[in-house]
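Structures for review follow.
Next, two complexes with chain A in common: one pairs it with chain B, the other with chain C.
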Partner chain A sequence: MSRTTERSRARSPRVRALYRWLFVLPALLYMLAFFGYPLVRNVLMSFQEFTPRTYFTGEAPFNGLENWRAVFDDPLLKDAFWQTMVFTVGSLVGQFTLGMALAVFFSRRFRLSGPVRAVLLLPWLVPMVVSAVVWRRIMDEDHGVLNSFLETVGLSSDGVPWLSSPSVALLSVILVNVWIGIPFNMVILYGGLQEIPEELYEAAALDGAGPWRTFWRITLPMLRPVVTVVLVLGFMSTVKILDLVLALTGGGPADSTQTLGTLTYQLSFLRLDFGQGAVVGNILIVISAVFAVLYLRANRADQGSGR
Partner chain B sequence: MRQRTSRSPVARWGSTVVALLVLAVMLFPVYWMVSTALQPHSSIASADLIPTSPSLDNFRTALDSQGGSLVTSLVVALGAVVVCLALAAPAAYGLAQFGLRGGRSIVFGTLITQMVPGIVVANALYSAYAELGLVNSYLGLILADASLGLPFAIVLLRAFMVSIPSEVVEAAMVDGANRFTAFVRIVLPMSRNALITSGLFAFLFAWADFVFALTLNTTDDVRPVTLGLYQFIGAHVSDWGAVMATAVLSAIPAAILLVVAQKYIAAGIAGGSIK
Partner chain C sequence: MSASNGRTRRSAAAVGLTAATLAVGLTGCAAEPDPDTVTVLNSATDTAEHEANQDFFDRCAEPLGLRVEQISVPADQVASKALRMASSDSLTDILELDGSELPQFAETDGLRPIGEVGVETEGLSDSSISLGSFEDTQYGVARSVNSLALIYNTELLAEAGLEPPTTWDELRSAAAELTGGDTYGMAFSASPDADGVYQFLPFFWSAGGDESRLAEGGGGASALALWKELVDSGSTSRSVVNWNQQDVNDQFVSGRAAMMINGPWQVPVLDAQDDVDWAVASIPVPEEGVDPLPPIGGTVMTVPKNDDRERERNAGRVLDCLNSRENQLAWGERVNNVPTRAEAAATYREQNPKLAPFADLVETARSRTAVVGTRWPVVGDALAGAFQSVLTGRSSPEDALRNAQRQAGEDG
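Moving on, here comes the complex of A and B:
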């Protein structure tokens, strides 16, 4: 026993450093393979020509900017881009507003508030494909319970074509995604609210500030770092959503819910043009990265000047 | 907002009523899923609001066609948990305690990976998998699904392991254990809660995976239930009762964990996002 100790003590620092790296190395190699490699490979693939034959021959010759030209020439890219933006921003606004309202509401400690808050998490924990399938039935134009409800309360006599009309479908997809995202926003914002010192509220009450004023002057500024985290995480996870759209509308009707995610999928895995799919995938990554950097930087500068 | 707790009992019960109404609206789709699944003839017309004569027929149909997919999901999700924790726990410990040069960049890189869209990973992974013979394999899907929980697990475990006093481990090493043995015997048991939390989320992420299941499989050899459900509604839905029963079965792990492991789930959401 003591001999092993002596031996490990006697190791050179370099050997010891190497030994320590062994703890981190497997995870590091894994992340390089499953995150690093795909990023690099996608850039390369976007300059290669893939055809259905590539699957058998394995040959994908470089073809310069051809994939990029083809993708940018297709008007669908512009539509998919704007629809992705509308979907992402719409989802975030809805999730955040309602999540915040619920977080503030649950901060009044009333009977059953804990258990109710816990059960509210269910929509977020259920697989997205499951939610999509259920909502697809609920929003069915002829047999969906949503339209029967609207009819019963007299809000709409002829059924709303939630998922079957190109002018409504994107809004419907956003509504479902808001429903999925509310719990996550609520839980994190609720956690943030609990960290705000009680004295600030007492001081505001002494100054005679009403609840609305208190919210804008104290709650929101104090919550700022948490809000940043929620919105940045929300943006990054929403902009790339694929499951929900595929299972709810499949990108239709008439491409009205096509996003950059579904477009990547269709180009690569349905048309088997992995080169063009890679182009759209790269655009998706750039959007995500640019937004994250801009937002984090703006927020840091803001905090710096505020102090 | 404690000043509000001094309100009258009526007002406090009023909040409870509002909360229950919110709950009813938010969980209506879940109720509707269960209700439709319990009604045997809900195939064509809309289902009744309340299942007056509930039956488990739909579940029988669902299990007949999707039972295998449920087992596949379970195997894949458990496999992903094992891979995820086996990689994340030592890495988190190393990053928390060793002060490695470049360690901070690795932590930052880990956070950044959450930005990479699954479909982009799948796009590149598919051709690599085709060359390695991993398309349509359990191993391939397990390895890919582990990527959904790994960054989260590393961040969460590292945040916990930073607070383990290094003397604890050093004391064990004086007794002759090498660093790895000390890690297994001392650090892992101490990190039990953090391990459970990250394992739980790794399971839920892998169970819910759809993108990798859809793209890394070209046959039905490895078909998790999310993919089964998608194919179920793919063409023309004739039996919504069975579809909803399948949906209920695929939502069960989330529901069970919400009840059994509430504490860990709350900890996970807070820890994984704020750090």
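Moving on, here comes the complex of A and C:
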């Protein structure tokens, strides 16, 4: 009897460690299968001659840096990179400022604030492609509602070429994306605002702080973790933009709205050169990874200061 | 201690069970193919189109004791879906591809030459054979083909006392004259994708442009200059850089364009409305006496290689029947495309006087991939870049073509 107890005691830490791993195993397998494998595969693919032939023969000969050279030799890559950055930063700034303004506005709770807030969620519920089709009509140079409106109020006499001029198209795509992104920003930030204790505002009011000062000194600092989440999630979904651009402008006019997303789509699915498509895909992954690391760092710093 | 151990054990069992369920779920995807069924991958996602296809398939398969099963995905996903199927050895017995995608598939060596599966190719038009061929071997057969023509608003032209233009000069002046109020004289698609490129080709080719040497000769530049002029003079909307062929048709149907370049696939929409009376004319050429050279379009049916040769033969039998004179004619009338057998095309021409110009145009029409083969997607992109940068005023026609040639690379 005492011997068995002794043995089970001796084994139990190892057994418990095994159980612990068993619990982690499903998550680990899932990560390996659905994140690890595609990632490794994508990196490998960028060094392979991966064409329609590969699908039939199963052969994808390694071709060194050829794909990378071809992609980097294309002047379009540089344009697409900068346009992606402008698009991302522009979208985030627009979505965030307007989302924040609306969140603060609605946190005051007035009559009908609930229904109005619900209406503002609509852009989020409409499928992206539908939004794009509608916006294509709104922004039509000759007959679009937007230009008619601008003409009526006297802001512009001859139509703004929203989607037909290379110097305006990127801005137009950003505007539409801001419209799409406002609800997400508003909802998350509104949720964050509800978490801030009312007493802080009362104390600030007693100390004579005005609304502007209260916002900068209380609301924003208290909201910091939420803000980081909103911006990082926003960044991740914006930097890889594809569907909106495809439906609005198809990357044009004159490549002025090409992004890394549309470029990788073009290379992989229109030219069927999956090796070169993977190169651009990898560039996108690296960009996202850099921001993920920055986010984790910021998070750690936050927790550090909190202790 | 023992209680907590028991709980852990039970949970561990649950974990194991989950893993087992997952494993079972992942296997067992591939079904055993039925020897009497011929499978088809096509883009007939539209219900009416799907049923019409099924109708023709049944008509051919039933006497042979076969059944046809269609798998339909949106047109722009056919190629990638087919590739995924190929990698898992589950490709359909018949693969219907857009003609411009054929070379990339033929190059893989995964398609069976159409002559080897018993499809009668004698009597098919040269342009349709070229559409289904890669490096002098025919891999795909087109039941019917389409092209582009000038479609015009008969009322507006009659009011202005104009005949449909036949040359570029006439096109310029007619477009200018027809422009007024809310209406542009001319509309075409110049979107930076396959639609825009398809529409640019008749101008590019008939002016002497060569897709394998984009910047050579003055042809390409004069075609670009024509488009630019139409837009700059206000005869054509600046928005064309953002219009696909559907948008162009919408403009025409709403009376905002007096003339447009478009294809016979718009006929159902044109027929379904009463606001605009329309007619079809040949596409204008640089000068009198020059043959129009529009691109030939349409899908081709191919037979992927199969270890089971009997399946290939069955597919071949169905294809042969679909391409009989009567079936081609019936199908052509169903989809407003021109049959590819000479006699069928002649009958079609007689029975559809309204669409007769298309029947003439497909005779001189050229395949996009005949010269550059698998490099077509790159060359097409380069051409799109050229007309987009010219129309938006970013570069001159000559510079744009030099740039395009660099982009197309190799011998292009």
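Keep in mind that, in the parts below, the second predicted complex is superposed on the first by the 255 of 307 C-alpha atoms of A that agree within 3 Å, B and C clash if a C-alpha of one lies under 4 Å from a C-alpha of the other, contacts with A are read in each partner's own complex, and residues count from 1 in each chain.
Simple rule for what comes next: a contact is a pair of C-beta atoms (placed from the backbone, for glycine too) under 8 Å apart; a residue touches a chain by one contact, two chains touch by 3 or more.
Keep in mind it's a predicted model, so treat the numbers as computed, not measured.
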First (chain B), second (chain C), both or neither touched by A:116: first
Chain B versus chain C as contact partner of A:292, first or second or both or neither: first
Which superposed partner A:26 touches (first chain B, second chain C, both, neither): both
Chain B versus chain C as contact partner of A:261, first or second or both or neither: first
Which of chain B and chain C A:42 touches, first, second, both or neither: first
Touching partner for A:53 - first (chain B), second (chain C), both, neither: second
Partner chain(s) touched by A:141 [first = chain B, second = chain C, both, neither]: second
Which superposed partner A:212 touches (first chain B, second chain C, both, neither): neither
First, second, both or neither for A:166, with chain B first and chain C second: second
Greater residue coverage of chain A in the superposed arrangement, chain B or chain C: B
Where chain A meets both chain C and chain B, residue numbers: 19, 23, 26, 55, 58, 136, 140, 143, 269
Touching residues on chain A, where the partner in the complex is chain B: 1-2, 4-5, 8, 17, 19-21, 23-24, 26-28, 30-31, 34-35, 37-39, 41-42, 45, 55, 58, 102, 105-113, 116, 118-123, 125-131, 133-138, 140, 143-145, 148, 179, 182-184, 187-188, 191, 193, 198, 201-202, 205, 226, 229-230, 233, 236-237, 239-240, 242-243, 246-247, 261, 264-265, 268-269, 274, 277-278, 281-282, 284-285, 288-289, 292
In the complex, chain B residues that touch chain A: 1-5, 12-13, 15-16, 18-20, 22-23, 26-27, 29-30, 32-33, 36, 44-47, 49, 86-88, 90-91, 93-95, 98, 100, 103, 106, 109-110, 113-128, 130-131, 143-144, 146-147, 150-151, 154, 173-176, 178-180, 183, 204, 207-208, 210-211, 214-215, 226, 229-230, 232-233, 240, 243-244, 247, 250-251, 254-255, 257-258, 262, 265-266, 269-270, 273-274
Partner chain A, residues of chain C touching it in the complex: 8, 11-12, 15, 18-19, 76, 79-80, 83-84, 86-87, 104-105, 107-110, 182, 191-193, 237-242, 256, 377-378, 381, 384-385, 388-389, 391-392, 394, 407
Complex interface listing, chain A residues touching chain C: 16, 19, 22-23, 25-26, 29, 51-58, 74, 136, 140-143, 161, 163-166, 249-256, 266, 269-272
